[in-house]
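The structure's right below; bear with me while I get my questions together.
Chain lettering (A, B, C, D, E and F) follows the sequence in which the chains are written, and residue indices restart at 1 in each chain.
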Amino acid sequence: MSDHPISSFPLADLAGLPADLQGRISLISDKSGFVPNVFLAMAHRPEELRAFMDYHDALMERPGGLSKAEREMIVVATSAENSCQYCVIAHGAILRIRARNPLIADQVAVNWRKADLTPRERAMLTYAVKVALQAEEVGPEDHAALHAAGFTQDEMWDIGAISAFFGMSNRIANMAAIRPNEAFYLMGRSPLPAKA
Amino acid sequence: MSDHPISSFPLADLAGLPADLQGRISLISDKSGFVPNVFLAMAHRPEELRAFMDYHDALMERPGGLSKAEREMIVVATSAENSCQYCVIAHGAILRIRARNPLIADQVAVNWRKADLTPRERAMLTYAVKVALQAEEVGPEDHAALHAAGFTQDEMWDIGAISAFFGMSNRIANMAAIRPNEAFYLMGRSPLPAKA
Amino acid sequence: MSDHPISSFPLADLAGLPADLQGRISLISDKSGFVPNVFLAMAHRPEELRAFMDYHDALMERPGGLSKAEREMIVVATSAENSCQYCVIAHGAILRIRARNPLIADQVAVNWRKADLTPRERAMLTYAVKVALQAEEVGPEDHAALHAAGFTQDEMWDIGAISAFFGMSNRIANMAAIRPNEAFYLMGRSPLPAKA
Amino acid sequence: MSDHPISSFPLADLAGLPADLQGRISLISDKSGFVPNVFLAMAHRPEELRAFMDYHDALMERPGGLSKAEREMIVVATSAENSCQYCVIAHGAILRIRARNPLIADQVAVNWRKADLTPRERAMLTYAVKVALQAEEVGPEDHAALHAAGFTQDEMWDIGAISAFFGMSNRIANMAAIRPNEAFYLMGRSPLPAKA
Amino acid sequence: MSDHPISSFPLADLAGLPADLQGRISLISDKSGFVPNVFLAMAHRPEELRAFMDYHDALMERPGGLSKAEREMIVVATSAENSCQYCVIAHGAILRIRARNPLIADQVAVNWRKADLTPRERAMLTYAVKVALQAEEVGPEDHAALHAAGFTQDEMWDIGAISAFFGMSNRIANMAAIRPNEAFYLMGRSPLPAKA
Amino acid sequence: MSDHPISSFPLADLAGLPADLQGRISLISDKSGFVPNVFLAMAHRPEELRAFMDYHDALMERPGGLSKAEREMIVVATSAENSCQYCVIAHGAILRIRARNPLIADQVAVNWRKADLTPRERAMLTYAVKVALQAEEVGPEDHAALHAAGFTQDEMWDIGAISAFFGMSNRIANMAAIRPNEAFYLMGRSPLPAKA
């Protein structure tokens, strides 16, 4: 299985990256035990990779607002609508861990409408998916629905901006056929009840 | 998590089912260690359940032709296109086991075009998905493509009929919001390589 | 006109079918005066044919609940959305007879929204067509709408299950290009008023 | 059944129409035995009705080129794609008569790809339906395909212009819910073989 | 730039047209300073051209009802949904002039939902676009919405009929790749404020 | 007209931005004579704005590869498919200037297939639009088509990445209803030939 290419575009050697990017990627691989393939796949474009990481962190590490699990849930739901293998599998793993729920990622990926969601999460994903698929039709009524579900205007921006950012990421991963690391498939699945 | 309903329609007691159905379901639960929820969800309609099981077995247990793994791959790919949570998660588990491949089910479910497929499997899923989504446009050129990929006419029928049967199953599961058993999520994931 | 093939897959001789299937098909042909082509087209797969007939009868001959005409109306509306020539033409004939209405089948087939429907029939077809085309989006609000239109939960299952079953049937008929018998075209058209 | 409205917009009295329009409509009703409802539904706009009839006749009565049956086949196929009840039922009747074929209209209406078509008719409908549904994608390759099927440039214009004109007509009939006369349903169905 | 063809179908010499058509086209070209290419592109079919002009004038020059700017706004919005280059660019110019607004045509063409519209205009375009794209779903609720926005039944017909007529025009222009005159691009853009 | 809001989310004062962002925006506004509204609309999120500008410049100012006009053409075509008013109108202006062609932006925005394109540009936009709308279906055959049209692998990445980046930008602009500056509408339209 290890002979499947990581990308349909050329890979670059991480050692050739600018020091700041090498450092940031080292931190991530130290923590997760491997280098996520998306970094290898974008390394031939260091400036784009840096902007990508900056944008990602600005949205996903931003203090306050949505919980980390909520943000990952948005990523999984919208990436599934965009049929992005890398993002669904990698962020599905992170969602399982952040939400301490081994079932939620697969549920959201196959059909978020049928997942075990709170009303707040349902409102959040309804907006995220509309931004992903029909952003041209977003209007005041959508923001009113989020307001009714308890979201601040700042959180509305987060939901939509995460959907938009991963809309870009999904398209890049699909155009380059970026392959998810095998480690992601099993992460966060364990504290599963012994019996159904 | 155990308080989520198994179906939005009423459940029936298995003990009330005709003996033949009780027997068949016992065989399955003895083998897998639990009663798949789809049987509970359809038990209020014993005649439909019997025809459902007969049709399923006629297609999925038929001697010769497609391999068991190929049949499950068709189920996962078409059920994912139909966003059917029950079928993707339950048959994804079976596909992992039949194919002895812990990655293939998630790959096929998110985007079969990017999965690790042989050319034969790619041709097979191309036809299965066309039957699922645009059956009205199927024509001689589709059968010619399957023939070129080495499929017999009998196997072509299998591919299309499995897609059609699960097209029914997916619609029933979606209308009743049938919930997959939690045991399915982890089945067949284990012989994963230690490191990505 | 008689040189058009009945199916793009091989036909089997009815005389080679198991006795129970020969008997059931004889009953039908005795009643209608001809053997509906769908039986000829599926005869090469006797087990599938038997399950198909069992499932069909469980839904379409079930005592109580929806009227026979209502069930056929569901078949025509959903088969038309799926562009299935065999099912629209064959069940259109049965609908004309069951509903004692020579106009309704063509109306429903071309655009059910513009057909001469009661509010109950309109609610019924709205749900049936949603199950046919967007089952993944079915939710509690759809069942609430049916409830408001006077349908019991048992009848809701019938509507959705008929739509799902013919969703399978439509895909098989389209993949095999099953040709409707010519007799269907004119059945039930006669008690038409002499003048428009 | 006669209490269903002919249009959701107000009807005008034919007697109030300008003499030329009254004359033209009389000729038609003398020939067919009734006044087609489309004239009643458009009579409140005499200038639009006159332009409509002029345009219709320029395309449908034009000497040379496509046969009358071919023109009606284009109308039925594209009106079916546009789900226009009036046009499918009224022109389906005319197609049956012009083609001396009691089956062809229903076949084309449900799924023209599965109808009993010659290769020439298939090429013709492929283009007509593309103009109806994806005109923005029409390009030189489409005209090359028609040329290869033996159509002159003049006939290509006819095919596309008939599709475009009935695209207008379909939209007007759908917005006003114009009801087809009951007489259309049975016209041209008779010389059906005695037995299927 | 002048070597791009005006149509993919043959052009006819205007001098060969019947006198009435020559006269009408002269009036237009005298007023606008050039002969709009649509006339050149349709001149090979004088009867169709005459009916086209008659229908156009019946809808667009009709006394009373919608303002001239409103009618052109319908043309631009629906022609943009149909991706018709000729109609968006030519009628965009006329809309800028009629509405005395240099911004509105581009806004409506790119996304009418985000344009600077009054509630009345928004209701009008909602209906016009529904007739353009989903006429088969138009029903009483759409007319009720127009009524609530202050439109008479006569004006509703105008909105829908203009959408339908340009639906035809868009298809003809797209099938023949009719090229807009270059003069249209700049018309009505001038009284723009000096600074943003 | 000046009372239309620039965004449906709160605007931030540019004076409150970090110095590096103030400097970069000053450079742009000095050059164009105004501050593009997108900066005002994103100023409440300085980190996102910085990453946005970095990513934009990495793709749009990158030395070598696609010409500046080609890059803007990709932006206009994909933003039009996404119905993004801000991007079509702002980048339409830049495209007119970069390509020294007052017609091309409107042509590409309404229907890029009918625009005055070279075969190279047509291949480029075919891929860009596929990444925008169906990235999940991108495969080797798409890259082979670009190769055949003379594009290097590096340029293929540029085309797809620009489409993906503006896919994000379009979604943000649509969710916040970001209004284009009025100055963009007229930029680059002038050296228009005196007569069509």
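Methods note: contacts are C-beta pairs under 8 Å (C-beta built on N, C-alpha and C of every residue); 3 or more make two chains touch, one makes a residue touch a chain.
Everything quoted here is computed from the prediction, not taken from an experiment.
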Output for shared partners of subunit C and subunit F reads A, B, D, E
The angle in degrees, nearest 5, through which subunit A must rotate for its Cα atoms to match subunit E is 120
In whole angstrom, the CA-centroid distance of subunit A from subunit C equals 44
Between the Cα centroids of subunit A and subunit B the separation in whole angstrom comes to 28
Rounded to the nearest Å, the gap between Cα centres of subunit A and subunit D is 51
Expressed in whole Å, how far the mean CA point of subunit D lies from that of subunit E is 25
Where subunit E touches two or more other chains at once, the residues are 83-84, 111, 114, 136, 139, 174, 177
In contact, pair by pair, are chains A-B, A-C, A-E, A-F, B-C, B-D, B-F, C-D, C-E, D-E, D-F, E-F
Listed in rising order, the residues of subunit A that touch subunit C in the complex are 111, 113-114
Touching subunit E in the complex, subunit F uses residues 1, 4, 33-34, 80, 83-85, 88-89, 101-103, 106-107, 109-111, 114-116, 174, 177, 181-186, 189, 192-193, 195-196
Interface with subunit A, subunit C side, in the complex: residues 136-137, 139
So, in the complex, the side of subunit C touching subunit B is made of residues 8-10, 44-45, 47-48, 50-52, 54-55, 58-59, 62, 82-84, 131-132, 135-136, 138-140, 143, 153, 156-157, 160-161, 163-165, 167-172, 174-177
